[in-house]
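Two complexes are shown next, each including chain A; its partner changes from chain B in the first to chain C in the second.
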Partner chain A sequence: MSEAHRPVFHRAVIALNGGSSDARIVRLVAEQARLTKAELIAVHILEIDWTLPLDADIAGDSDEVQRVLDSAEAIAEESKIRLEPVLLQARDVGAAIVDETVERGADLLVVGLPYRKRFGGEFAIGRTIPYILQNAPCAVWVVRDPISEETK
Partner chain B sequence: MERPHSLYFRYQGHGQLVAKPAAYVALTPGERLLNRIRATVFGRPLSTEEEIGERLSKKKALAIFSSDAISSSAYATEEILRVLVLAGASALLLSVEVAIAIALLLTVVSVSYRQVCRAYPGGGGAYVVARTNLAPIFGLIAAAALLIDYVMTVAVSTASAIAQIQSVVPAVYDIRIEIAFVSISLITIANLRGLRESGNIFAVPTYLFVGLALAIVAIGAIRIIGGTAAPMAAEPDAVSFGTEGLGVLLLLKAFAGGSVALTGVEAIANGVPAFKPPESRNAANTMTAMAVLLGILFIGLTVFAVQFGLRPTLAGGPSIVALAARTAFGDGSALFVTFAASTALILFLAANTSFNAFPRLAAILAEDGYMPRQFSFRGDRLAYSWGIVLLAGVAFLLLAAFGGDTHALIPLYSVGVFVTFTLSQVGMVRHWWNERSAGWRWRMAVNAGGAVLTAIVLLVVVSEKFVDGAYLVVILVPTLVAMMLFIKHQYTRSNRELAVAPDLVVRAPHREQRVVVPIPGLTRAVVQAINVGRTISDDIRAVYISDDPVSAADVRTTFERQVPGVTLVVVESPYRALSGPLLAYLELLDAAWPPDKREPITFVVIPEYVARSWWERILYNQASKRLRRVLLGRPHTVLVNVPYRREDPALFESALGAEHADQ
Partner chain C sequence: MFVLVVGGGKVGYYLAKELIDAGHEVALMEKDRRRAGQIADEIGSIVIAHDGCEGKYLGEAGCNRADVVAAVTGDDEDNLVICQMAKHHFDVPRTIARVNNPKNEALFRHLGVDELISPTRMILGSIEQDIPVHELLHLAALGEGELEIIEAHLQSGSPAIGHAPRDLAIPDGCSLFAVIRNGVATPLRPDTIMLEGDKVIAIGNTDCQALLHAQLIGEALATDA
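Let's turn to the complex of A and B:
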């Protein structure tokens, strides 16, 4: 990437979904952030369904949920970049990511998009990404997973 | 959401945590100070993931692995001359023939080791080769010889490096032991910091030494061919010509002395995995390059010394290579000083190679159970700290004991080296015999030839250098092997005793338990210990041991009033002892247990204070320390220490849920 085209950001929010794309996007953003000395915030949202109160301690009891953020922190450390891990419980993932981005005053939001197909073979983008693209006030990077043999 | 673990740990999977640097923070001011000093001297701790695996090109590998072998050309010629000078000036002329014989031996050994490089791409140290192909005992003999060899490399190379400095600055002779101490300490610190054998650090002095030494040989050759080579005037402190008869024995002794040139040849075979692919071929070719270079330098310097009439000097005088450099480059010239500096540097680097090899071998032996396990633990900087410190300590003691004299140390050096060579070659013969891959016959013949030759040289070295110090190695190798077998036996026995049968499913215990709390009176620490004891079993009793019946009665009154439900046993001890009567009381309890029931587990709960400073550690807990010592290891007995922190009274009472008894 040439100097003129390098995206300049100072604070980026990375939305983690716990999937295989997390490591890729954290590494990608951390490498860029190292050049601009930007601040990184990794957000993992745990969706709480309506049968449970929003403050039910779901995340605190789950090793797996903690692992998602800890792995991101470890990847950032490899790139010698500090990453602040944030764990949130919310009713809607897209809204929570946008809210956190606004609250943190981030100028970049990075989200991973798994390559999935609906029944019938049509590419499925889900509802979180379109919500973020429509509502996030800052620049948004969407990093789609490579197409694997299984999903072809 | 709160993430309370995140300061100290990182989740890596279900139920699996990885400690972060904050988990290693020292708790006391003393530990913090120690950690700061360690971080300053040795550097910040490195995590296991930070290990760097550098793959070496042939040029860098030649510099790294050959510094030990090539540097031996700095003292090998001198060892031949020192023997032959005893038979007069004419005997010195035979040095060239002796050197050529040693160079032939070098050829055989290096061709044999090329086979090791190809057969063991994972690194074929003599220990691995002998253990795998022969019996484990031969592996241990090779390991013991190698350990001695590594110690000797440090001692001899350091002594010789100082001798090179001394050739330029004679005053250094008086402080050689101090210099040795400082230089070994610096190498030790550098290795404890995790110094990697970075090619660049090694390349400069190694190639500088090789270049200048080749220049000396070339200048000598030109002057010899031009007919201008004339014997130099003898040094004032040159060793006088002797009058001994020149017999086979003296020649063999000279051969044994000069064979020290072969030390370090095996380093490349040990380090095959460090080469760039194709590892085996690159290592084998580097081995050939090293042998050719060493051969040229060794024979060249010997011819030079003979043609220019160089004679070894008494202790404190210049070395033969320094005299050769002076003759070739001129006394005090820049090239002469540069050569002396590069010789000293390559010798220090040769010492450094042992700091890498010794701890690694000790770690392999520790993993196999032949050395204490501490040797396989890596320190904060990923270095095998125990091995490094042991090597430095032993090498320095040896160097100091021999007065920092290279010549005095060398008889101890060659024996270990040739034991290693022989076992490694015999192991290779067995390897080809078992494997029978393409070309196995000639490969086996090469190794067999090498084995026979090195075995003969080993016998020559042992017999010729026995009284000069080789006897020490002859005693040390079996002693080390016996020590390693003893350690292995201990570990095997303890493993057998601690093993849990694979088909055993561990159920909840159903053995009866009882609690005994030895008390010095009624204190908050005692109350806390008794309450801990109550959580273990209802069968609990406090034991008060006293030599004063009056105070015992007072304690009983107080105890029964304030701690209802717990039996107090008073043991009068007219001879004022504490641990004896307690032990006797425990025996009594055991004897009173119904014989048809399985004996219970006795928990001895010992109240303690948490010391807030170093002097409190002296003032308190002495009796409990004594009890611990006596009770540790008693059958069916578990010791429980209950430390008490002196909180404020309200906190104590609320924590215990105590009620104030009516006065």
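Let's turn to the complex of A and C:
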């Protein structure tokens, strides 16, 4: 990518979903951030259903949550860039990501999109990404997973 | 306190907003997805776009840990079902129902709803307070609804004028306890002579209203057909 076309951002929020797209988006953004010395914040949202209070200790019991954040940090480190891991509990993932992006004053939000199909074969985008695209005030990058043989 | 509000009309919307402002945890159920989306856009992620009349969705909305369930839809039937499920299936300590048709109040009480809010009854009460009527004015229901606080405005023709409570045949289960005269409330003693224009405050069960009406108003009690 030439200098003129290189995207400029100063602070990016990377939304981690614990899936296969996490490594891809962290690597992508970390490479760009290294060149522009941008600040990276990786946010993992734990959705809490209404049967539990919002401050229920869910994250503390989960090794998986820690793994998601540690992996992101490790990938950023490979690119020699510091990444701040943030874990949040919320009722709605989309709203929590947008709120955190606004609160952090980020000028870029990056989200991964797994390639999934609904029953019947139609591509499913889910409800989080449309919400983010509609509500995030900053630039948004959506990185879709490649279509694998299984999901074809 | 966690409050589950069912019904996202004007009442539910403003109720949820006020509760959030007061620092409570609030979830709001609204079955109309469009309306649910509007509320979520304005208040935030507190809206569950499902029908609160279905136990499954009440459960998903956290009814099991709610301190209060307020059923404020426009349908009395729905509000009754919601409160009954909340009370008996999810053991919610306090259920509050909006009752649109005052004639349904007794049924709601009988079926265990803790508190009833009847906008119709409130407006009716307000109108009755401003317009002189030759009827007993129902100020409030107590207990399970079997007791009521009643006001009787003594006007010309009332058999109570010029008499003290001890001279009247006050029915059992009923007590005259205060009089408002010239805007001042004083306890009504057995020997207090009642005057025209007095407002006599009584407490009694609903069964003794006909006798009380005859003693204080003096005309036949209007009854529902």
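Here is the rule we go by: the second predicted complex is superposed on the first by the 152 of 152 C-alpha atoms of A that agree within 3 Å, B and C clash if a C-alpha of one lies under 4 Å from a C-alpha of the other, contacts with A are read in each partner's own complex, and residues count from 1 in each chain.
Everything below uses one rule, namely that a residue touches a chain if its C-beta (ideal position, glycine included) is under 8 Å from a C-beta of that chain, and two chains touch if they have at least 3 such contacts.
In this text, all values refer to a predicted model and were calculated from it rather than measured experimentally.
K.L.:
Following the overlay on chain A, give me a clash-or-fit verdict for chain B and chain C.
P.N.:
These partners fit in the superposed model.
K.L.:
Quick one: is A:Asp70 in contact with chain B, with chain C, with both, or with neither? Answer first, second, both or neither.
P.N.:
A:Asp70 contacts chain B only, not chain C.
K.L.:
Check whether A:Ala95 is in contact with chain B, with chain C, with both or with neither, and answer first, second, both or neither.
P.N.:
After superposition on chain A, A:Ala95 lies in contact with chain C alone.
K.L.:
For A:Ala106, select first, second, both or neither according to whether it touches chain B, chain C, the two together, or no partner.
P.N.:
In the superposition, A:Ala106 touches no partner, neither chain B nor chain C.
K.L.:
Mind working out whether A:Leu87 is in touch with chain B, chain C, both or neither, as first, second, both or neither?
P.N.:
The first partner, chain B, only.
K.L.:
Thinking of the overlay built on chain A, is A:Asp49 touched by chain B (first), by chain C (second), by both, or by neither?
P.N.:
Touch status of A:Asp49: second partner only.
K.L.:
A:Ala12 in the overlay: touching chain B, chain C, both, or neither? Say first, second, both or neither.
P.N.:
neither
K.L.:
Just how close are chain B and chain C at their nearest CA atoms in the overlay, in Å?
P.N.:
19
K.L.:
Using the superposition described at the top, list the residues of chain A that contact chain B and also contact chain C.
P.N.:
none
K.L.:
Considering the complex alone, what residue numbers of chain A touch chain B?
P.N.:
Going by the criterion above, the answer is residues 46, 59-60, 63-64, 66-67, 69-71, 73-74, 78, 85, 87-89.
K.L.:
Spell out the residues on chain B that touch chain A in their complex, using ranges where they run on.
P.N.:
The contact residues of chain B facing chain A are 1-3, 5-6, 10-16, 49.
K.L.:
Which of the residues in chain C end up touching chain A in this complex?
P.N.:
Checking each residue of chain C against chain A gives 2, 25, 27, 44-46, 48, 59-62, 64-65.
K.L.:
Spell out the residues on chain A that touch chain C in their complex, using ranges where they run on.
P.N.:
Residues 49-54, 90-92, 95-96 of chain A touch chain C in their complex.
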